[in-house]
Structure formats: structure tokens, C-alpha cells
Amino acid sequence: MLTFSEVSEHNTKDSCWVILYGKVYDVTGILDSHPGGTQAIIRWGGRDATEEFDMIHPSETLEEIEGSYLGTVEPQEQPIADSTPKEITQAPLSTLLNLDEMEVAATKVISKKAWGYYFSAADDKISKYFNTQVYRSILFRPRVFVDCRTCELETELLGHKVGLPIFVSPTAMARLGHPAGENGIAEGCRSFGCLQIIANNSSLSPEEIVANAPSTQIFGWQLYVQLNRQLSESMLARVNRLDRVKFIVLTLDAPVSGKREDDERINIQANTAASVSNQLFAGTDPSLTWVDTLRWLSQHTTKPIVLKGIQTHEDAILAAQYAPLVKGVVLSNHGGRSLDTAPPAVHTLLELQKYCPDVYDKVEVWVDGGIRRGTDAVKALCLGAKAVGIGRPALWGLAAGGVEGVERTLQILSDEMKTCMRLLGAKTVGDLGPQHVNTAILQQQIYGGPSHLVDETWGFMKGKL
Amino acid sequence: MLTFSEVSEHNTKDSCWVILYGKVYDVTGILDSHPGGTQAIIRWGGRDATEEFDMIHPSETLEEIEGSYLGTVEPQEQPIADSTPKEITQAPLSTLLNLDEMEVAATKVISKKAWGYYFSAADDKISKYFNTQVYRSILFRPRVFVDCRTCELETELLGHKVGLPIFVSPTAMARLGHPAGENGIAEGCRSFGCLQIIANNSSLSPEEIVANAPSTQIFGWQLYVQLNRQLSESMLARVNRLDRVKFIVLTLDAPVSGKREDDERINIQANTAASVSNQLFAGTDPSLTWVDTLRWLSQHTTKPIVLKGIQTHEDAILAAQYAPLVKGVVLSNHGGRSLDTAPPAVHTLLELQKYCPDVYDKVEVWVDGGIRRGTDAVKALCLGAKAVGIGRPALWGLAAGGVEGVERTLQILSDEMKTCMRLLGAKTVGDLGPQHVNTAILQQQIYGGPSHLVDETWGFMKGKL
Amino acid sequence: MLTFSEVSEHNTKDSCWVILYGKVYDVTGILDSHPGGTQAIIRWGGRDATEEFDMIHPSETLEEIEGSYLGTVEPQEQPIADSTPKEITQAPLSTLLNLDEMEVAATKVISKKAWGYYFSAADDKISKYFNTQVYRSILFRPRVFVDCRTCELETELLGHKVGLPIFVSPTAMARLGHPAGENGIAEGCRSFGCLQIIANNSSLSPEEIVANAPSTQIFGWQLYVQLNRQLSESMLARVNRLDRVKFIVLTLDAPVSGKREDDERINIQANTAASVSNQLFAGTDPSLTWVDTLRWLSQHTTKPIVLKGIQTHEDAILAAQYAPLVKGVVLSNHGGRSLDTAPPAVHTLLELQKYCPDVYDKVEVWVDGGIRRGTDAVKALCLGAKAVGIGRPALWGLAAGGVEGVERTLQILSDEMKTCMRLLGAKTVGDLGPQHVNTAILQQQIYGGPSHLVDETWGFMKGKL
Amino acid sequence: MLTFSEVSEHNTKDSCWVILYGKVYDVTGILDSHPGGTQAIIRWGGRDATEEFDMIHPSETLEEIEGSYLGTVEPQEQPIADSTPKEITQAPLSTLLNLDEMEVAATKVISKKAWGYYFSAADDKISKYFNTQVYRSILFRPRVFVDCRTCELETELLGHKVGLPIFVSPTAMARLGHPAGENGIAEGCRSFGCLQIIANNSSLSPEEIVANAPSTQIFGWQLYVQLNRQLSESMLARVNRLDRVKFIVLTLDAPVSGKREDDERINIQANTAASVSNQLFAGTDPSLTWVDTLRWLSQHTTKPIVLKGIQTHEDAILAAQYAPLVKGVVLSNHGGRSLDTAPPAVHTLLELQKYCPDVYDKVEVWVDGGIRRGTDAVKALCLGAKAVGIGRPALWGLAAGGVEGVERTLQILSDEMKTCMRLLGAKTVGDLGPQHVNTAILQQQIYGGPSHLVDETWGFMKGKL
């Protein structure tokens, strides 16, 4: 048994020990290859990193460092960490009437660190708020005298049946907000037949997350290509073996981290080395290109590919050229977390309608960002989206009430969507169309310039894959 | 005489007793057929439901359950209910200068429950507030050097003379706000020659409401078709016998209840089973369609039909096809209470001007929603409306001062309209026209897409009635 | 000598005595002919009306009732009236940097009654605030490399030289705000060569106001035609004799009073019978028409006529038909005091540019309403206005500091205008033009519909005068 | 040694003594030729002017008055001046995440006088705030699948290499905010290769500012032509000798000072004679014209000329006619400090694109005003600007932390720009173009009228130089 005093001396690049779950590990040898960056470990050198480690690493990570186990450490009283969720009695979930109230409830109970990571967005958060606001500037056109006894949300995504056209966007670090983590989201999705996209940086492993899923529950898996390609390739190999995972989502709108000041600010207050965002991006490869990356990816998986983060009609056209390898695109500005004043997905939806409506025939077009009401989701569907993703709302639901919080979130959205569709006179998702919305205000805001399809890229791309 | 203790044991679906006006009734037998739903009764099982019952049921309801009378109950001190109006001395009605001040005054004195039901609107109340705001973005074009000694508000609606082109929209549950209830509104309307539309869910019976009306006072009656058609048919039969009721208003924009969170929230606080809105909608039939429903209705009344809740030019065109059976339409988004971000009536007015101005020749076009000033009403008239409805303002007036409150409300509107017309250079309602308003800002907001008149519906409809 | 007790018994329509300056008058005989209405006197019956009387009547009024003098009244301590200006030491005028600060300073010292009358505007004050806001949405287009050593504000209005293209709009009741009253405004205007339009309801007589004016100082006189035409005709006869008064301003945008709630509210608090506005309008004739009224007016004066309150291009065209009898028009919505949501003058300016630019060749086009900065005034001049009126700012200046307050107000505006013109590259008022402003935002707001020139009016008008 | 009492008697135009650094000078002889105006000295007559003098004069000024030295003055305790920076411990610069936080930090520590001068802008500060806001209404169009490992900000301005396309706009009086003054800005710029334009009224001399610059660091020098041309000519002669100064910036948008009320208000409180702005403008020549001034200037320097303050496409066209004498223009509204509601530079950028895109081929087009984020700067570059200036941010940085504050400011901007470019898919400044931005909202705001190129000026100008 080692003493704290001994351990605390090993806090440099030359000798770095950390305490995890009461055991001491010599992690000097893995400093260079740590996906979250060298500094993210060294700042815990000589200290107990259990809490930090636990919330952001799947359990398998511990197995990978078993070889560097040194011994146990004498027990001692654990200081209350800043990131400990606050103990607050709050109103029952059933009294939370909408997704905003869910966020308020979650904010009361989660740690500052989790709040900083979840809430933050790029720069002045203009895109984050505009994402929601833009839906509110679309007006409905409700039709009357339509029999609305039945109203079905069921639909098909990439050929798979789902219970509703909502999916959970890939959001990392679910265990920061609630111990149930991504498993809690998966369980919440189960009863709704709701598609979940597992984040590349999920705090539980894909295997754990899909473990309890029945054959009717489907998942996607998000890929951030790592600088160390072997890491990505071995992850792909693992995911390929998971039957519940039906497609790979390659995220394109965040080759580097946006400037998320709320996250950074919390970090500064806690006097730690890097924000959650910056740690996550430490190992990400910013060199991806159409042909090379898609060729590489197609060599390492046979699952369909969905490209996430398309923000212009030009890139949507390019993506559609890769069908059927690419089966879908997600119009997204990363919840406003990447580039501030990037366009909301609904702008890009309208760009597609204007410049290249045939893209809708070649790939499925999904959107995310800013959805807070069932009406928001229905508007996106009216404008051609096949599915609508929620990111933060799933995390707020999880944080506010674990599995039940996720379920309450999906229940609210589902109820709101059905009420909305009934009042529009639509019985199924397929009934929804542009005739149900007035986008006059939005039409004045979208891009009106020429298309910029660079010739050489275009030529280079075609026939090369 | 029964004791409270005995009564309190009968609080289930199998045996349900309630106390009304000191008497005990066994209502087990009517649980299934209650228009407000089974749960709305069961939650009062074994308790004194007098106050709740009284405010929302016409007196005839008591007669219908006379057969289930069990006996009287021992008297006891009544606890002060949450829904008791507060005793507040307030400024004389004559010092309330406008409809907003009337609402403030009413809010001070009514119960939370009444406030929740009256004030609430769907979701984020965007449509509710936009309804008013949109009028403020229309500018007037006042003409000068016009003799304005006389200014007349008299007009004709569906062939009947009225004192002013304002009507009271069908608003349920008037007795929640003031014991005078719908009768108070009727009495307030009397001296102004103001048309009142009696709500399907009025808290006094149509017979009671029209009882004191002189032959010059006219009414409409609103129909929510019930799942149990016989209930609706027997109501129609009763209304057919009322000479003062000149037409039937079939409400179309609320086949299901919108999500009225203020109403739900009050309800949650009071720990009761369902919001006022949800109770009201429990028995409503959501399966109405153009041909079937209008055919059925035409078989049960010979009074003219007005369709309320038209929100698109397409549905206005369809409605006009049913003239002369259908004599009027009310452009309405249900005061923003049904679908949030549904268009304000004035948007639909402009859609009609743009797509199908001949509709105005075939049916009378009325509007409601958001009117708070005489200028708002005059703008609607300028844009082609024949009449302009007020819903909440009538209830706020009633709640603030009973009959005198309703009169004060109508007086304010009437005075404001006359001042406005004089300053525009218009002597009569007929003088008002589009030349009196500048709608440049609005024109940029209204729907600009194609008309969606579904062929089969169209074909199915024609010649089938 | 009469006692208060005796006097107080005479407070009805049958016998009405009032105390003025310590003397008792029997005013029963003039109740019916009082321009401010019968009630405005009766409510002072049996009481000391000195303060109220003094602030709103020229001194000559007292002479007119000399015949009804009854005797003096025993002196007694005067209660502090609500309308007494508050004694507040305030910052020197030179420290007030702009017109908004002048208003703040005035608000601190004037009586509630004066504030209510000056500050109030129709309904929700939308037009009042939009009047100012609309100027702020116009952007300048400053030209550089222009020699701006000299910058002259001198211009000609109706053929008369003035020191700057600003005029004081007719504003009644100046003595409510400061004992110097309209004389104070006249004296303030003197050193700037600023044109003043004397209000029909000025609290000093026209003769008093022009008494000290040098030959270079000019005035207009505003006419509200009275129901009792003889009153107006005798006033015109008096004004005709005043050489300093160069033209008659016939106000057209207020045939009846707008609904000025701030004014009414003060009035309700003071428990008096009618707001200042309502008293003023009591005797006004609302029956004016183009031909009849202009013919009548031309028979009673040979001074040029300016029509104030034009708000549409149609009425501007009509007015121009009466040139050269009519020499000018003032585009005005009465400071937002008449019809709420009436268009700001700058909208009408742009309407004229769009529909009938030749009007500018036939009559001088002036504007008022909302001017608070020199830049606002310069923008109006760029868009074709020959002169720009200020109403409330003159009153706030007077109230804040008497003559010096008016001078400070004009000095601020003059300085701001010169700085603005220098920075635009304009040496004289004549240099300013539409090339100096970008009105892109405004162009989207103005009326785009057809012109409504009613044929019969047109025909009737021509050749009839 | 003189006594204070003796000195204090010499405080008039006839005999004016001031104390500077403990020495007494008789400045009567230079009252008339003082660039800041006579009054600016007289108000310090008989008093110790050291602090005021020190902050706004280069050290050479003292040498110029050596001849009027009278003797030393008895030492005495110095009263704490209003303009003394407050002693406040504040957070480390590294915790300030963006330029707004830098301004907040600076505001806490600088004197009221400095704050008033730096923060103030014309009138209602509409242009000041619109300058920033307008960038936020431009949306990005990020391209994906672009290799963004490298991202370079290096570019060329007027043929000289710079480290980033940001320059420090000429801002006077840097020592008001921090004792390091303009030297601190120069040092901060050094490590970034950032171009600095030295203000005509810099509080250190050009020679001092460039003293430590390596050959790779470049400067511009701003000229305000003085009424006393010899002063300007001798300054030009000095600047001509400075090799580091690569061009002369002639400022055109401020022939007179705008009305900067915050500056004036501080001044009033301090009971001094004139605001900082007004002192600075006292000797400025407002008579500049295209031909005469450029001819004169070309006779006194051979360095390239950049015209600053162009706000219309017409003046941009005129400026381009003077190429290659004129090598660049800075689109600027002087940070909103000159004419309120003058257009933001980005409006003028779009005007140029619309009316005269060939101007971009003839002169370099730079902009300044409102830049607070790297994204703002990138947007300007996308729209054709070659460089983007920051004025206040450099001063706030300096005031908050001296050299390190300036460096932190540039670091933040540099980091934000790189993140932005990576997320757009641009590797170099040259890659940025209009395809990266959606300006739909802006396009509705810009000038749409005809070009006003006055013929005679045009003719006069050509061939005359």
C-alpha cells in the first residue's frame, strides 16, 4: 500500500502516477498517446483523478492500463469536489411541462462543470439561440375539417422503423450530468422507439450502451477521426460488430473546437488546465477531405455513412454525389457550438429547396439544433427533413431525472408533435409538407448568391473513390 | 342525513358519491357518459364538489341527476377554496381607460383557476401576443377635410342589424370569473346592440342566457360536436327553438385542446386531475370532415352556419363552396389557444385578398383574436372583415365588474372606434377600405406559396352534400 | 366683500359664480358660449378658479367678463394646488446636452397636469415614439473632402428669411408649464430668427406674443375653426391686423381629440371633469371640407394658408390643387396625439417622392413630429422638407428654463444641425438632398397601394372655390 | 524658487504661467499658436498642469517651451486628481476570454476622463453599436471536408508583409489610459507583426513610438491637416525621415468633432473648459478638398497615401481616380464618433461590390469600426477588405494590462480568426471570399439609389493634380 505522500511526488512528464478507484497507476508511458492530450493527464499527476476519470471514460479504459498498476493507496476522506451534483429536492418530473422547464430543473442539480460543457456554445451564442428563434419565425397553416382521430409518429429512417422522427444527437460526456450516462439515454429511448446516435466520446462504451437494446431499437455511432488512425480503425472494428448500430455518423462541422466560453470560464474558476471541449478535441484529425476520408472510411466499415454538419447547399450536393455510400446528411451547426453565426439547419433546408431539391431524392436529410417544442420539429419535417435531432434536451432530461427524465422529455415532444399534427390536419409524418408552413420571413434571410462548386475539387472527386 | 365520513368512502369508479349544494348524489352511473370525462368526476368522489360544479354547469345539469339523489349531508364549515374570488377594493370602472387596464383589474380579483383558464394560450403564447402585435404594425392613412360630425357604427351581420361591428366570441366558463356569467355578458351587450356567440360549454344554458333579450338582440350558438352525437343533436334541437339565436358557429380550429401551460400549471399547483381546458375537450369529436359533418349538421338545424377557425385561404375557398348553407367564416386562431405560431386572423385576411378575393362575395368574413383597441378593430374592417370578435376582453370586463364591466369594455371599444373613424375621415363602417391602411410590413410576412387544394377532397366534396 | 360661504352656494348651471384673482364673477350668462365647454366652468362654480384660469386664458378674457363682476372676496390662505410647479434646484441649462435631457429636467419641475398634457399622445403612444425612431432608421451618406469652413442654416420660408429651417409647432397652453408662456417661446426664438406658429389655444393672446418682435421675426397663427364661426372670424380679423403674422395654419389632423390617456389619467386623479385636451376640443368644428372651408377662410383673411396634418399623398395632391391660395402643407400626425399608428411625417415625405414629386413645386412641404436631434431635422431636409417643426421640445425647454430654456433648446438643435451638415459635406440647407441619406429600410415600410383620389370630390372641388 | 501664490496670479491671456513637472513656464507667448486652442491653456493658468499635460503631449513639447522657463516652484502635496487611474486588483489577463471582457476590465481601472474619451461616440451612439451589430447579422457558410491543419493569417498590406490582416487604427491619447501609451501598443504589435497607425495626436512622438521597432515592423502615420499648415508640414518632414512609417493616412471623416456626449459630460462634471475631443479638434483645418489637399500633401511626402473615412461608393470612386498617389482607402465612420447614423464600413463594402467593384483593383480597401470578434474580422475579409482595423479594443487592452493587455487582445483576435477560418474551410486569408457569407439581411439595408458624382467636381479634379 502506497501513501499519498509518495504518490504526490510523481506529477511530471518523466514520472506520472495517478490514483483511480483507490489504486495507483503509473501512466507515464501513455502520456503521448492519450486522445485527450498529455496535459489532461499531467495535471492529475500525483493526485486522485477518480471522479474526473470516471465521468468521461468508458470502463474499458481502465482495463487498457492494467499493466501499469502499482498498488493500492491508503484510504482518506474524499474532499467534496466542485463537480459533485448538488443535493436538491425538486418538483416531480410530471410537473415539468416543457423542455425549457426541464433545462431549468437540470441546471439546479448538475455540477458547474457539466453545466459549462452542456450549456456552452461558440462565442456569443448567437447561433445557439438563433437555432431556436428561427423556428418561431415560421408560421403554421393549419387545415381544418380533417379527421384527426388517429395521429401516427412512426416513420422509417434509413430503412429502419422508428417510433418517432426524433433522434438523440451524438452528445459526449453524458455521465458528467448523471451517473446513468448514455445508458440512461438508451433506456429512455427504448419505449419510444427513438433512434440514438452514440457519441465518439461517450462516457460509456458502445457495447455497454447497446447491451440491453431489443432488436427493434436502433443506434448510430458517431465518428471523430483521430489523428492516430489506428484508434479510429479499432473503434470502427468494434462498432462493426454491433448489430444494433445501423450506420456511422461522420461529424464534419467541428474539425477543431469552437470557442465555448462558458465551458472555458468554469474551467478557469476551477483552476484546471483545459476545458472539457478542449480535452475532447485534443486528438481529433483536422485534415479530412471528401475523397480520401470517405475512401478510408469505406474500407473500414460496411455500414451506411451519414455526414453530419452540412451547412451549405454546395456541400449537400457534394454529399449526394457519394450516394449510396453516403445514405444521409444531417444539416447542423453543432448546436451553435462550433462557429458562431453559422446558419441554423432550417436555413440550409430552405437553401436545398431553392438550389438543389433533387438532393432529397438521393440522400435522407436530417436536421438538428434548437428544437425545444414539438412544433419546432414538425416545422422541420414540413420543410423536408426526415428526422429531427435533439442534443442538449436529452442531456437536460437525463440530468434532471435519469431515465425518467429522458422519457419525460421524449413524452413531452411526442405529445406536442401529435397535438400539432392534429391541429394541422396531418395524420402521419408523411402527410406533412411545405403547404403547412409559411416561411415568408425566413425566405428573406437565406443565401441568395451563386453556388460555389469549385471545379477541381469536383473533378478530383468524381470517379476517384 | 348522511355524515361526511360515510360519503367519503364512496370515491371510486365502482361507487362514486358527490355532495352538491348540501345534497348527496350517487353519480356512479353517469361516470362513463360525462362530457368532461370520467376522471373529472372521480376526483371529487366522496367530497363536496359544489363550487367546482356550480361554476361550470348550467342549472339544468342538476335536474338530470335528480334520480340519483341519496339524501342531505350534515352541514360543516366550508374551507376557503383556492378558486374563491379575492376581496379587493378596486378603482371605479370609469377610471379604467383601456382594455389592458381592464385585464389588470380583473386579474387582481379573480381566482387563480379562472385566471389560468382565461389567460392561458398554447405553448409559448407566440400567437396570442402576435395576434395583437400584428395590428400595431399596420399604419393608418388618415384623410383630412372630411366632415365627421356624424359617425355610425351600426351595421348588418348575416342580415341582422347590430349596433356595432363587434361580437363577443364564444368563451366558455364565464361563471369561473364572475357569478353573473354569460348572462352578465348578454346584459352588457344589450345596450350596445352587440352580437354574442354563446359557447358550447357556457356555464349557463342558452335558454337562460337569451331569456331577457329583446327582439333586437341577437345571438349565435357555438357547436363543438360531441363524440356522443346525441348530446349534440339534442342541444341543437333546443337551440333551434331559440328565436334569438340566429346562427350556429361550428368551431374547427380546436379538434383537440392546445397545450395551455398556464392552465395546466395552476392545475398542478391545486393538485387536481386535469386542467379546465382538458376537461372541456374530453368529449369533443375530432373526426369532423367537410361533407359528412356539414351534411349531418344541415340535417339538425335550419339556422345558417358560420365556420370558425379558418386559417388558410384554401379552407376559405372550400368554405365558400358550401354557401349558402355556410353563410360566414370566422378567421381565427382561437385566441392563440390552439396551435402556437398559427397565423393571426389578419394574415389570413390578407391571404384572402391576395388569392381569392371573391370569397368576400360569397360568405361574410369575420375575424377575432388580439383585438385590444378600437384601432385594431377598425383595421380589420378596413381589410375586409365584416365583424370583429373579442373573447378574453369580454371575460376580463365581466370579471372586473360584472355587467358594468362588460358595458365599460364595449363603451371603450365603441368610443375608440368612433374616434378612429372620425380621424380617418370615415362616417360609416361601409366607408372603411384598404385605402385607409398601409400594410407594407405585413405584406412581407404573409404566405407566398402555391395554393394547396387537394384534388380528391375537392372532387369528393362537390355534389356530395 | 363677499364671503367664501356665500360664493360657494353658486355652483350650478342656474347660478354659477367663480373667484378670479380675488374677485367674484357671475359667469352664468356665458356658460353656453364658453369655447371650452359648459362643464369646464361649472366644475369651478362657487370656487377659486384663478390658477386654472390663469394658465390657459389670455388676459383679454378677463376683460370680456368685466360686466359680470360682483365684488371682492375675503382673503384666505390658498391651498397648494396640484398644478403648482415643484421647487427643485436643478443643474444649469448649459449642462443639459441634448433634448432628451431637457425633457427630463422639465419633467422634474412641472406640475402633473402640465406633464400630462404635454407628454400624452394617443392610445399606446406608438406613433409618438415611432415618429422619432423612424429617423434613426435612416442612415447618412457623408461626403468627404468638402470644404466645410462655412455652414449656414439660413433659409426662406414662404418668401421670408429665417435663421434656421426649424419652426415651433403650434402648441397650446404654454403657461401650464412656465409663467412666461408663449411669450417666452417668442423671446427664445428671437435671437435665432426662428419661426413660431402661435396656437389657436395659446394661453397668451397673439397680440401679446408678437408685441416685442422686431420686423425680422415672423410668426404663423394656427386656426382651429370653432363651431361658433363668429369666434373664429373675429380672431381672424384680429390676426389679420398683426403684421408679424405671415400666414394662417389650418390644422386638419385633429377634428376631434385623440385619446390621450396620460392626460386623462392625471385628470382622473385630480378628480376634475375633463382632461386639458378634451376642454380644448369642446368648441372645435368637425365638419370642415375642402371647398367650403377654404372658401370661407379665404373670405376672412388674405394671408397665405398652410394646411397642417396632411398624412397621405392623396391629400397632398388635393392641397396642391389649391395653390396659390394654399402655399404650404405640414406633414404631421399631430405629434402622435391624434390617431395612434398614424404615419410619421417622414413616411408621407417618401410617399410624396414616390407618387407625386411635383407637389414639391407647387407648395412648400414642411414636417413635424419626433424631431429630437439635429440629425433628425437634417434628414427631413434631405428628403425634401423645407422646414422642420418642434412641438414638445419647445415646451420642455420653456418649462425647464423659461426663455433661456427655449434658447438652449434651439442652440442645441442649431449646433447639432451644423455639425451634421459639415460632416455630410453640405454648406447650406440648399445643398442637402436625397443623395445624403440611405432610406432602404424605410422604403420597405411605406404605402405601396394605389392612389385613392375619389372622383366626385375631385370634380366637385375643381373650379368651385 | 517661486511660490504657488505668485504663480497663481498669472492666469489670464495677458500673463499666463503654468507649472509643469515642478517648473514654472510663462506660456503667454504661445497661447495663440497652441494646436489645442487658447482656452485649453488658459484654464490651467496659475496652476499645476503636469498631469493633464503629461498624458497628452509627447516629451518634445516640453523642449519647445524651454525658452519660457521661469524657475522652480516650492514643492507641495499634490491633490489626487480625478484622472488618476484607480488602484484595483483584477483578474489575470489570461482569464479575460474576449474583447468585451477586456473592455470591462479596463473600465474598472482607468480614469473617468480616459473612459469618457475612449468610450464616447456621437449623439446616441447608434452608429457605434450598429458597427458591431451589423457583423452579427451576417451569417457564415462553412464548408466541410477541407483539410485545415494549417491556417495562416499572414498577408501583404501595401506591399509589406504583416503577421495578420488586423491593424491598430489611429487612436489619440493612449497615455490617458496607461503610462506606456502608444509605445505599449507598438510593443504589443511587435510579436504579431501587426500594423499600427500612429495618431496625429498621439501622446508620444512618432520617433519615440517607432524607436524599438525591428525592420519587419511597419507603421502608418495619421495626418489631421492643421489650420497652421507649417505645423503639419514640419510633422510630415519628421515622419518622412522615419523608415518604419510606410504610408500617410489622411483622415477625412472628421473635419469637425462629432458630438461625443459622454466625453462632454465627464468634462462638465470635472468643471473644465472643453472635452478631450474638442481640444483635439481646435486646430484642425476643415477646408480640405480633393485636388488642393492631395496636391499639397504630395508636395510634402513621397510616402503612399491612404484616405480614411470613406463612407460612400461615390467617394471610393473619386479616391480610386487618384491612384497610384492614393494607394488605399479605409472605409470607416470613425468608430461612430463623428456623425451618428453614418453607415458602418460593411455597408460601404457592399455598396462598392454593387456599384463599383473595380475600385478593389485600383486601391486597397480596408475597414474599421465595431470589430469585437475574430468572426467579425473574417466577415470583412470575405467581403473584400484587405485589412481590418481595431481602435478602442487596442486602447482597452492597453488600459487593462499595458503591453500584455495589447498582446492578449491581439492573441484573442488571432485565435478567434484562425478557429473561424478553419471552421469555414479556409487555409489562408486569400481563400476567403463572398461564398463564405450570407449577407441577405444586409442587402436589404444598403443604399439603392443613384450615384451622385457631381460633374464639375469630377471635371475639375481630373488632370489638375
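First chain written, first letter: the chains are A, B, C and D, and each begins at residue 1.
Just so we're on the same page, contacts are C-beta pairs under 8 Å (C-beta built on N, C-alpha and C of every residue); 3 or more make two chains touch, one makes a residue touch a chain.
Only a predicted model underlies this, so the values are computations on that prediction, with no experimental measurement involved.
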Longest centre-to-centre distance from subunit A, chain (CA-based): C
Type of subunit A:subunit B copy interface by residue overlap (half), same or different: different
Separation of subunit A from subunit C, taking each centre as the mean of its C-alpha atoms, in whole Å: 63
Subunit A and subunit D: spacing of chain centres that average the CA atoms, whole Å: 45
Numbers and ranges of subunit D residues touching at least 2 other chains: 444
Chain contact graph, described as a line, ring, star, complete graph or other shape: ring
Full enumeration of touching chain pairs: A-B, A-D, B-C, C-D
Contacting residues of subunit C [partner subunit D, same complex]: 95, 97-98, 136, 138-149, 373, 375, 415-416, 419-420, 422-424, 433-435, 438, 440-441, 443-444
Subunit D-touching residues of subunit A, taken from the complex the two chains share: 123-124, 126, 252-259, 261, 264-265, 268, 286-290, 293, 307, 309-312, 314-315, 318, 333, 338-343, 347, 444-450, 452
